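Next up: the structures, one after another.
Two complexes, one shared chain (chain A), two partners (chain B, chain C).
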Partner chain A sequence: MSPRVSNTFDMAIGVIPIALLIALWQGIAMSGAAPPSLLPPPGVVFGRFLQQIVSPAYLEHAYVTLYRLFVGFGIAVLAGVTFGILMTGSKAVASIVRPIVRVLAPVPKIALYPAFTLTLGYDDASKIALVIADAMFPILLATYQGALAVEPKLAWSARAAGVSPLKTLFTVILPAAMPSVLTGCRIGLIISCIVVFLAEMITSTDGLGHLLVRAARNFQTVDMFVPLITISILGLLLNAAFNALRRYLLRGFPEEK
Partner chain B sequence: MISIDRVSKQFETSRARRHLALSDISLSVARGEFVSILGPSGCGKSTLLYIVGGFVEQSSGAVIVDDNPVTGPGPDRGPVFQEFALFPWKTVLGNVMYGLDQRGMPKDEALARSRELLTMVKLSGYENFYPKELSGGMKQRVAIARTLAYRPNILLMDEPFGALDAHTRTKLQNDLLGIWEKDRKTVLFVTHSVEEAVFLSDRVVMMTSSPGRIKDIIKINLPRPRERAALLLNRRYQDYVVEIEKMMDEQPETRVS
Partner chain C sequence: MMADIVSVERAEAPWWSSAGTIPGLPPIMACIGLLALWEVVARWYGLNGLPPASAALPQIPEILTDKESLIDIADSLRRMVTGFALALIFAVPAGLAMGRSKHVAAFFNPLLMVIYPVPKAALMPIIMLWLGVGDASKTLVIFLGVTLPLIYHSYQGSRAVEEKLLWSAAAMGLSAPARLIRIVLPAALPEILVGCRTGLVLALITMVTSEMIARQTGIGNIIFVSLDLGVYDRVYAMIVIIGALGFILDVIFESMRGRLVAWAEPSQAIVVGTT
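Now for the complex of A and B:
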């Protein structure tokens, strides 16, 4: 099977469980086990979704959520990767950062959210801060572990060519640790999706999470499901984009296809 | 010139456990000399090479290269590792160009130099391949080109042909000798093969294990340029091989230190 054919084949296989899930949903809705006012059938929800996805007001909310997601995730990647790499390169940095990470990593970051809203306000900043706080640690730890495991002879080869230790850190250790870094980033991305939604559900005046809570409070169950569908489709798209990026970045690594 | 002066290396293997890998090694290598190091597995050949390269620090003694004590890696000493240690995320050309790029050589100059080296190791046409797409012998040639690119005066080669089949091995030996005879770099060459050592070297250093010590140094008085076919029929060459092989067999496998 050529790679292209097998790719479409894999995608088709991937669609089946989702189709089954929707069929189950339809089945439950039709059986009358749950009243339509609580569990609207999928057809109705998707119809509403298609309506909303072209409505500027709805898109504005989706855009706000995406903005917080990307800014937060982006900063988390930058900070996590930088600290993770610097920890490998310098014992001093490691001895400062490691205890901090050890204390902060297991803290449920959502508990910090009230403090963020008090200090940063109810706008974007507090949500972005929460995303950073939650997504950064898995990225940092994966980068650090990956960098520690890099074959020392790769770095030696660079140092022997006259490359400075700091440059070696970012031009050899970082790319060599890329498989592990990207695994951390994927976990960070999933966490970011969840956390931005959560934060918007707790306190917000806009964003998809806010729309969901508002609809639920008003018993508009159809409108409650639409943001959920939106975020899962966004998650699928982000995942696909991430995989494409990963394949591109790791094209030279033997274990990657 | 390399002057290794009473170098010892002790590894701290675990709590309160030490392993003396090298004991009191003294050796001088003249400019332009080709010296091989032969010895049983684990006698510290790689460790000695890493110390001269500045990658590993000796426990006592000193290594002086051209009047300067070695304190770290430098572009005057180019290593070639048995494991190739190529950068998997870079193409063949990218690997060879890396050191030149990082040290600020103009792009077109670096490109020209890299292409010239790839031609020298007979790999032109493979510029855009990734290391994973190459055979073992081709990878080793890329590693050699990458090291030669920054024009080290000294080559530190750690069983560079150890992982290769006999045919590729003799081919690369011939190629290496051809390259060496052109510009006479100083070479410190670790090998397991007696024939290889005699074929390539001006002197062969024999080591014993546990702890690694120099047992004997044999001067190889064979005319250059050397040609493999002629050498195989040369009585003196045969005598050297037989003599050194006998000395290797006589070696006590372990010694109480």
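Now for the complex of A and C:
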């Protein structure tokens, strides 16, 4: 097979398991093995999804979720990149931050959520804090790792040209570490997306996660699927958008594996 | 796709710090520092919802000697281990096969990509409708949460196996299935274990999250029962217990991994818990 034919073939067989899954879903729903109250047929769920994503009330909830997601993610990027870069630049910062990161990174941050609700209240702040706590570490570690791997000659040249150490860090090391930083950010973005939804499921009065829980309480099965599909599609779209942004930002960098 | 572990090599510090390796405080010092910070902040603000560490920590032995909460914790851990073991049995062969065959990889990759951004713990209410509130639904959610990184790392590991090893084995007459077990599996083991490490942390996260959402039994439930009763000391004590569990599991696994694949390149990776 020529490469092009093989690529098309590969793409075609990739669709099979997804199609099978939906067919299985449809099959179970049609066979009557599961009543519609437990497993609504896919057509009904997607119909409801299309109906909801144009309804202003639903979009209001989606907007709340997106707001928390982006504020949290933005702060996580700022904090993660700053600490990650400063860790490479200063031995003192590294010797303090590194062990703290070692202890906190494997901790399930979701366990902190009750503490956040107690100290920051049940509104946006506690959810944003959880997003920051969860998304910051991958970004910080990716930045640190990327910055450590930067060709030292780049920094030497900048220093020899009279650039201050701090300025070298942010104008030479950071841009050179960009591929790694952006990888960390992409992981952080998906994490933010998932975490904000879960936080809204645990305690909230609005947002997509709250809609799922509300539907579950009222046994409206169709409406339980819709927010879940929305947040998953949102994750896929954000991931794709970030990849496009990454390709644009890294257009001068050598090709990666 | 997803690299949940970001490795931090304990390399020579770059020139722009002073030369030499970074010494770093031992983790125990970091713990003490964090606790001290908590104590100071709590005393400074005097919030009802933020008791100082000195009030919360004495609750830990009480929780750990209380029979009911011990049963809850044991139940949670049992489900976590079951879910993780099931995921291991399913994901490692799948990942290895994907790494050795382009077509198998092409078959599964789009599906995995679609599943990747789905919040697995959020499936809890739907799965509970189907399987009831018992162990089955909680174990299934943990299984789902852990499977993806395990598949991904097994896939990466088996894809990177040195072809010459396989050629030599084939030349010596080893059959294809035997090559998979005798050559690919050991060669991919370091990467598989990296996946296991991420998976273990994820199993804990998924377990806690699903219990917080379902609020039936388990560790996540203890937190919310204490929260509803307004016993904030206990809430914070539980948070510390869960955090310690995450850290201890990671340390134990790392030392095991170090022995199993002592021949592989050492890495100083730090796991990042993701949901």
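Heads up, the rule we're going with is that the second predicted complex is superposed on the first by the 232 of 257 C-alpha atoms of A that agree within 3 Å, B and C clash if a C-alpha of one lies under 4 Å from a C-alpha of the other, contacts with A are read in each partner's own complex, and residues count from 1 in each chain.
The rule is short, and it goes like this: contacts are C-beta pairs under 8 Å (C-beta built on N, C-alpha and C of every residue); 3 or more make two chains touch, one makes a residue touch a chain.
Treat the numbers as computed from the prediction; the structure is a model and nothing was measured.
Touch criterion met: A:Thr171 reaches chain B, while chain C stays clear of it. Of the two partner chains placed by superposition, A:Tyr58 touches none, neither chain B nor chain C.
In the superposition on chain A, contact is made by A:Thr88 with chain C only, not with chain B. Contact with chain C, but none with chain B, is seen for A:Asp10 once the two complexes are overlaid on the shared chain. Partner contacting the larger number of chain A residues, of chain B and chain C: C.
Legend: residue contacts after superposition of the two complexes on their common chain; A:Phe253 is shown touching chain B, with no touch to chain C. In the superposition on chain A, A:Trp156 makes contact with both chain B and chain C. For the contact definition in use here, the residues of chain A common to its chain B contact set and its chain C contact set are 152, 156, 159. Residues of chain B touching chain A in their complex: 50, 53-55, 72-75, 77-79, 81, 83, 85, 87-91, 98-99, 102-103, 130-132, 146-147, 149-150, 152. Listed in rising order, the residues of chain A touching chain B in the complex are 151-154, 156-163, 167, 171-172, 175-176, 178, 249-254.
Every residue of chain A that touches chain C in the complex is listed here, in rising order: 9-11, 13-18, 21, 34, 38-39, 88-91, 94-96, 98-115, 117-119, 134, 137-138, 141-142, 144-145, 147-148, 150, 152, 155-156, 159, 165, 168-169, 173, 183-184, 187, 190-191, 193-195, 197-198, 201-202, 209, 212-213, 216, 221, 224-225, 228, 231-232, 234-236, 239. Across the complex, chain A is touched by residues 2-4, 6-9, 11, 13-18, 22-27, 29-31, 33-34, 47, 49-50, 102-103, 106-111, 113-114, 116-119, 121-123, 125-126, 129-130, 201, 204-205, 208-209, 212-213, 223-224, 227, 232, 235-236, 238-239, 242-243, 246-247, 249-250, 270-275 of chain C.
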